[in-house]
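Naming follows writing order (A, B and C), and every chain is counted from residue 1.
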Amino acid sequence: MIINKSIKTGSKEELINITGIVEEELRSSGIKEGRVLVFVPHTTAGVTINENADPDVRYDIIKGLRGLKFESMDFDHSEGNSPAHLKASLMGSSVNVIVDDNKLLLGVWQGIYFCEFDGPRNRKFIIQIQ
Amino acid sequence: MIINKSIKTGSKEELINITGIVEEELRSSGIKEGRVLVFVPHTTAGVTINENADPDVRYDIIKGLRGLKFESMDFDHSEGNSPAHLKASLMGSSVNVIVDDNKLLLGVWQGIYFCEFDGPRNRKFIIQIQ
Amino acid sequence: MIINKSIKTGSKEELINITGIVEEELRSSGIKEGRVLVFVPHTTAGVTINENADPDVRYDIIKGLRGLKFESMDFDHSEGNSPAHLKASLMGSSVNVIVDDNKLLLGVWQGIYFCEFDGPRNRKFIIQIQ
């Protein structure tokens, strides 16, 4: 089962918690056991799993990636967004989550985050439930 | 098939080879063909596949990540472990391995490593064999 | 279905677009819906999904990773290729792509890249179609 979702990001760089959206689609699917893949079909955005409790963590992830100083390196790509391409590959284009009893088997502190690195934009992500 | 495993880490930062544990569970499952997902349900630990031969490599990975100097950046998260959250996302929360003839289809030099970035702690990982 | 592919890299560090190879194997398989895993069985090479349009982006990814300055850090591993091991773990050993209607559900600008970090070498990658 493949579900297309749209998301509107509001800043240049931003982590958006999409766990609730994925959970809702899993519930609707009725699938009890299996695996969920969340896939981001963009090259300047990614997806990661990290802390869902303190919202500071998601700003710290952006801050830490900026601390790698890609922004001050000299790149060739004429669009000027090579740092965003690099961050997308560092976070990755997909995450896997195990499904048990129609629930995402995430740790207590884990949430799924859409990672915008070149916004604000209209973005998409794809949920595949198997 | 979902298998929960516990692991006790012994240092602040440490890569622990869990390949043997995953192989043993695969053997017990009797599953011939498919895919194994190793998932870490924590936000300051991750999992990666890297060299299983020279133990220096796993120290070098920790050293290299420390060389990114997250530890000297100024973060907001009050627990003070934002570098560990960043490293967890850089390594990733899961790895996929192909199963062929009831064996992990890993390269000769590859092993699966649990990555502790905020230990020592009692940790878990989940093995899903499909 | 498991397919072994060989690839010859031509430089020390290089991103090679393997999307066409994966697409061709998917077409031959005739599989309509499912998931493709591309797995790299090496510890100094990885795989990532990034921009397929401007070839500069793949050089910028290599340049950006070099900008992390692993090459000037002091490592223990005697082979001297610890930076390559680190980059392999940062990019990851596998990517997942959703299959719909016998096609890879990639974004318009996305391609799958084999990431060589310690070449030139004869390398392999494995495609699993489920």
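In this text, a contact is a pair of C-beta atoms (placed from the backbone, for glycine too) under 8 Å apart; a residue touches a chain by one contact, two chains touch by 3 or more.
These numbers come from a predicted model, not from an experiment.
K.L.:
What chains do subunit B and subunit C have as common neighbours?
P.N.:
Chains in contact with subunit B as well as subunit C: A.
K.L.:
Indicate whether more than half of the residue numbers at the subunit A-subunit C interface occur in both copies; give same if so and different if not.
P.N.:
Subunit A vs subunit C: different; shared/all numbers falls short of half.
K.L.:
Using CA atoms for the superposition, what rotation angle relates subunit A to subunit B, in steps of 5 degrees?
P.N.:
Best-fit rotation on C-alpha atoms: 120 degrees.
K.L.:
From the mean C-alpha coordinate of subunit A to that of subunit C, what's the distance rounded to whole Å?
P.N.:
One centre to the other, that is 20 Å.
K.L.:
Can you pull out the residues of subunit A that are in contact with at least two other chains?
P.N.:
If we look for residues of subunit A contacting two or more partner chains, we find 68, 90, 92, 96.
K.L.:
Which bits of subunit C are touching subunit A when the two form their complex?
P.N.:
It comes out as residues 33-35, 48-51, 54, 56-57, 59-61, 63-65, 67-68, 90-92, 95-98, 100, 105-110.
K.L.:
Going by the contact rule set out above, which residues of subunit C touch subunit B in the complex?
P.N.:
2, 37, 39-43, 68-70, 73, 75-79, 82-83, 85-86, 88-90, 92-94, 96, 124, 126, 128, 130
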